[in-house]
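The chains carry the letters A, B, C, D and E, assigned in the order they are written, with residues numbered from 1 in each.
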Amino acid sequence: MAADVIMTARPVWAVLISTAAALLIMASGRKPNLREFWTLAAALLKIGIVYSMLPMILQGNILISNPLILSPGIELFFQVDAAGMLFAALASVLWFLTSIFSIGYMRSLHEAHQTGYYASFALCLTAAMGIAFAGNLLTFFVFFEMLTLATYPLVIHERTDEALRAGRQYLVYTLISGQLTLIGIILVYQIAGHGNFMPGGFMSGIAGTPALVGIFLLLMAGPAVKAGMMPFHGWLPSAMVAPTPVSALLHAVAVVKAGCFGVLRITGYVFSPQSLQAIGVAKPLAWLAGATIILASLIALTRPNLKQRLAYSTIGQLSYIILGAALGTTSALLGSFYHLFAHGIMKITLFFTAGAIYTKTHDLEIRKLSGLGRTMPLTFCAYTFCALGIAGMPLAVGFISKWNLLLGTVESGQGGFAVVLIISGLLACAYLLPVAYSAFRSEVVPEMEHIKGEPNLWTLVPLLATTVIALILGIFPDAAGHFYTLAQMAADNIMTGTY
Amino acid sequence: MSVAIFFSYVIFWLIALLYVSGFFGMMEHNHLVKKLMAMNLMQTAVILFFLLLGQKIGGITPIAVPGITDIDAYANPLPQALMLTAIVVNLSTTGIALTFLIVIKKFWNTLDESEIMRRMDK
Amino acid sequence: MKQKHSSIILEVAYRLLIPVLIVFGVYVLIHGEYSPGGGFQAGVILALAVILNRVLEPADVKKNYWTYKTIALAGMGPVIYMMTGLLSIPFGGHFLEYGLLPLPVHEVERHLYGILFIEVGVTLGVMATIISIFDSLGKVGDPDERGNLL
Amino acid sequence: MAHIPVLVVLVPLLTALVLPAINQLLPRITQAFFKSALLANVVLAVLAMRHVVTEGPWHYWLGNWEPPYGIEFVLDAMSATLVLVAAGMAFVVALYARPFFNLDEAGMETRTLFYVLFTLMTSGVIGVAIAGDIFTLYVFIEIASISSYGVVAMGGGRAAFAAYRYLILGTVAATFYLIGIGLIFAMTGTLNMAQLSEMLPPLMRSPAIIAGMCFIILGLGTKTAMVPLHSWLPDAHTYGPTPAIAFLATALLKAFSYAIYRFMYQIFGGHAQPVTALALQVLGGLAAAGILYGSVMAIAQKDFRRMLAYSTIAQISYIPLGIAIGTPAAIAGAALQVISHSMTKGCLFMVKGGMHLKLHTTQIDDLGGMSRSMPISSFALTVSALSMIGLPPTSGFFVKWQLLRGASAAGLNWMMIVLVLSGLLNAVYFFRILENVFIRKPNQEAHADEGPHGAVLGIKPELPLPMLAAMLILTFGILAVGVGSGWLTEHVFSLIDLAGGGV
Amino acid sequence: MMFVIFLSLLLLIILITGLIAVFLPRLFGSGILFSAFSFFVVLAYLLLSAPDVAFTEAVISVISIAYYVIAIRELRKGDLE
């Protein structure tokens, strides 16, 4: 199916709208209500723009806009295809929900530096949107680095020494890996003459195997670090010092998903699954991802703090996506793309619940959360449902992606990884469900007895909304946003090599 | 080797020696005024070098003399014109450097370079 | 200040030297095309005359010399030079193309006049510059401030 | 308009010369005159650039005498870039300088003296850019250098000593240069660049030419502060008055690097000549050493001023690095660095001046709370720091991109590593500063003294408006050049004639 | 022939006076020697058939000696007080 190319400026608007919002937020720092109005308005507008492109994508077209042809070979250009659309839709929807949640969270905790917080948040979304729509490696890299910078103020939001240390660690990891990626990108431009993403890649066979392996490793450095693949995951748990909405953003939407998305772009649109097999990096990558899944789940078991536990859970879950990319069959890729979305929606719910609980308890020690399920039934119901979803329970959205990944392992003839996936699901139950269990069944610890009632509505509504989305999409995977179709289109694109 | 050629080598060596001694005097001397003088030595060496370049054996002064129209008879005037400029540059450099010296003297109350360097790090 | 301890003979010799220097300077300026010399040398000689005069002055008078006027004058000399050069532009020439200067004489002569103008400018500039550097050497050293030139 | 090449030098020169007189006669209009002259010069530079872009290189003969006898001015894409940078920076710095000196309590006349020297320096830099023969080049180099010595010395006693050392080394460099051109002149009998480039190739094996080339590189390298010859720079840049340094570290140093480029490619034949190619390799090695040395030393500094000075050593070496690589992309990167680093470092020095005036300190540890008291300056600081590190979308990133492209095209992988490493080292010291500026609490004693200038014109806690305007012009320039770098590469830098370029 | 020998002798003298001027410990004395140095340099320029340069150097050396003397006097002021 040859796709039609439609020239449109909409991707540019989608990217710029949150930059404009950031500026407006900075300008109206003195008036909290106006400031938050800008955030919400921009989020809604962004959803509108992104979704207005959806029908065209679903018809099999791709949208291109060329805001800046810098020079032959260096152009900043946007190209919307199914994969990009998937990520963009996810990011824009979740930005809106996170914004609502942040308002509730920040206000109930009376956090300082809120203006900078919302502005950085908007900039993060600009970057995420840019990554989603990037049509070539240069554009991708520009927004990738921008994401690093925009996230840094969020990580150090608390301004404590611990936060600063975490921020520094974050910068060290991401900047170094980003620069390695830059070298890789330069080499790609040098060898291939361009860096435009193409389904099925454009690198196969144009250089010797060692060169291609080197380029692949360099290119993967940045995305892999952002995706928290072991052994480069160190920044992620320490970045947990940030406020919970930030963690939600970091771990569900922007940073880590951008990393995963980058991995998919590189494995599917710069290289191709076949060429990865040919140069022999697919296997090691899959093993690394599998090891990460198991190890991260095991570490998560040992963590006493809910946020830490969620962080390690994230590390494990993200490697599903990398695993799918490394397996490189249609189902596996479909599973990967869908997991991008599914994990996003579930993990953000989990972080929302953690944040909502934190606004009431000011503590996230798992031991101290026991019995709170009875005072906050809705919150903990949402938590339980999404925890089960992470583990891969049918009817939750996580099941769909995991099912496809399992199919993929079988298709690719590496059934061993199916075992990894199943063990990981069991481990997920083991580290997430005890929290829910004790919340509903155990006694309230003495210092938490004063907690009464559900968290405030601003925080409650978004987390319920995401839970409902997770439920509905678990039953009808292709509802509303057509995420399943998009994932399927993306996987097909990669496998067939055409749009 | 004829004596003339030997001495023409000697001339260049002497100029080089002048230059090098100026250079090392400038680098090694601790006294700032002496440094400046050594710098002037260097500049003089360069000017001499340039003038030698325009020199022809038996060439005459490049000022129009009635009756001699053959251009080759005159020494090349271009290096001389250039050197006028260079001399002017040298003079202004010297003047500015001396002004600096007076300011330095007022501020540090010494003209010993290593002493000033030591105090500068403080 | 014990300025007056220098010998009378020397002082008289200096005073006699000054007018001679001025005359010689002007000669060098005018005669620049035919013999060694020119605007620059003339400027230096004239400056020498002024400096000799300065040397003879008592110290308290000297303090007031570091004035801006010398520098302003130093600037004006090259301005004459450049204006002469620029003058040929409106008459269709390039910068410094004296052959096109608006003078009612033959073209070869125009060259000479053009060069003369320029030499006058150079003389003025050089003279004033040298004097101002000389003055500044005497002035900057006043032990009043933290050694700050500004 | 046919006389722009000469006017672009003459306007600042004339301004410098008549400024003292105007200050004597009409003190009120001095500033207006000075600034409008520099603005006019910017316009001239833009016109020159447009002419070069549309109609190609421009040769101008003074007095309409042909090159072997007369002086020639040449404007091509590279020199037009430098002219534009010099004119633009001069104007921006002039904008900045007035309130700076007002706050610094300088005397009226000495201040005018500063403007005179500063404008002379500008004309010197522009002259270096457009000189068409190597002796005229020398004269303009000396005009620029001597006025820069004077300007540096205006910062007080320490600055005078720094300026003295600068003068000594600068004069040595000038004599080196002079010897070099003497040797070349002895071999060829001409000083015109175009003629030299025709006459030199058969002579390239002769020892005199090789020695001349070494002397010239040594001389210009000292003036550019290439690494073993950099010792004058840190002190001079630390103690000199801020507006002067903002120009010195930007346009002036670029002029000398530009002269190196001119010699290597337009006279000595670039990579096509084996000898020159060898020299370029050495140059590249030195530049790489300079990049690493400067970055490492910058990390070790506790004083913001000194850190900037070392960072200048590192950043300025990008240009010789690009020249050494010598592919079109790398040369475009070097040309882009001329623009980018000028704006970035200029902006940083201006912020430094602001700190000096407002916080009375430039120690990095005392900068806490600066984002509160000087938000706009902090914004400018952030953007320029990002450009220094080389993160998109600032111009610094595109410089790095071009240089990396060039290095990879030439197969010089170690240079890619050096460039990337330099970006990371820059990140180390700039993020330390940003952390102090934005996050640390104000240091009590540093801010207790609001000074006598608490209520100057402009936004109250911030700097006066012209200073802010200057910074913001540069800040947005950094972003604009970053975004527009492709346009520049395609329309301007592609016109750079690379004799023997391309590996 | 004579010319060359004479020139090299002159250069030798220039070298020696210059070196003594630089390495003489007394400031004022070295100023005086420096003027001698300048004089020999003027002679050398004349010998190199560059009267124009020689003339310029002559007047300039007077000026620069004057600069040196004035500056040295200023520099010594502080030492005496």
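Methods note: a contact is a pair of C-beta atoms (placed from the backbone, for glycine too) under 8 Å apart; a residue touches a chain by one contact, two chains touch by 3 or more.
Since this is a predicted model, take the numbers as computed values, not measurements.
Student: So if I look at the partners of subunit A and the partners of subunit D, which chains show up in both lists?
Tutor: Neighbours common to subunit A and subunit D are absent.
Student: Could you work out how many touching-chain steps separate subunit A from subunit C at minimum?
Tutor: Graph distance in the chain contact network comes out at 2.
Student: To reach subunit C from subunit B by way of touching chains, what is the minimum number of steps?
Tutor: Minimal hop count between subunit B and subunit C: 1.
Student: Could you find the two chains linked by the most C-beta contact pairs?
Tutor: Top-ranked chain pair by contact count is B-E.
Student: Provide the C-alpha centroid distance between subunit A and subunit B, rounded to the nearest whole angstrom.
Tutor: Whole-Å distance between the two chain centres: 70.
Student: Please compute the C-alpha centroid of subunit A, do the same for subunit E, then give the distance between them in whole Å.
Tutor: The mean C-alpha positions of subunit A and subunit E differ by 78 Å.
Student: Centroid from C-alpha atoms only, then distance subunit D to subunit E, rounded to Å. What do you get?
Tutor: Computed value for the inter-centroid distance: 37 Å.
Student: Please work out the Cα centroid separation of subunit C and subunit E, and write it as a whole number of Å.
Tutor: Those two chain centres are 23 Å apart.
Student: Which residue numbers or ranges of subunit E touch two or more of the other chains?
Tutor: Touching at least two other chains: 51-52, 56, 60, 63, 67, 70-71, 74, 78.
Student: Note the residues in subunit C that touch 2 or more other chains, in rising order.
Tutor: 36, 40, 130, 133, 137, 141, 143, 146-147, 149
Student: Multi-chain contacts only, two chains or more: what residues does subunit B have there?
Tutor: 63, 84, 88, 91-92, 95-96, 98-99, 101-107 - these are the residues of subunit B that touch more than one other chain.
Student: When you check every pair of chains, which ones turn out to touch?
Tutor: Contact pairs between chains: A-D, B-C, B-D, B-E, C-D, C-E.
Student: Flag every residue of subunit B that touches subunit C in the complex, lowest number first.
Tutor: The touching residues are 63, 84, 88, 91-92, 95-96, 98-99, 102-107.
Student: Touching subunit D in the complex: which residues of subunit B?
Tutor: 19, 23, 26, 32, 35-36, 39, 42-43, 45-46, 49-50, 53, 78-79, 82, 85-86, 89, 92-93, 96-97, 99-101, 103-104, 106-108, 116, 120
Student: Under the definition above, what is the set of subunit E residues touching subunit C in their complex?
Tutor: Listed in rising order, the residues of subunit E that touch subunit C are 51-52, 54-56, 59-60, 62-63, 66-67, 70-71, 74, 77-78.
Student: In the complex, go through subunit E and note every residue touching subunit B.
Tutor: 1, 4-5, 7-8, 11-12, 14-15, 18-19, 21-23, 27, 30, 34, 37, 41, 44-45, 48-53, 56-57, 60, 63-64, 67-68, 70-72, 74-75, 78
Student: Can you check the complex and tell me which residues of subunit C touch subunit D?
Tutor: Residues 68-69, 71-76, 78-79, 82, 86, 89, 93-98, 146-150 of subunit C touch subunit D in their complex.
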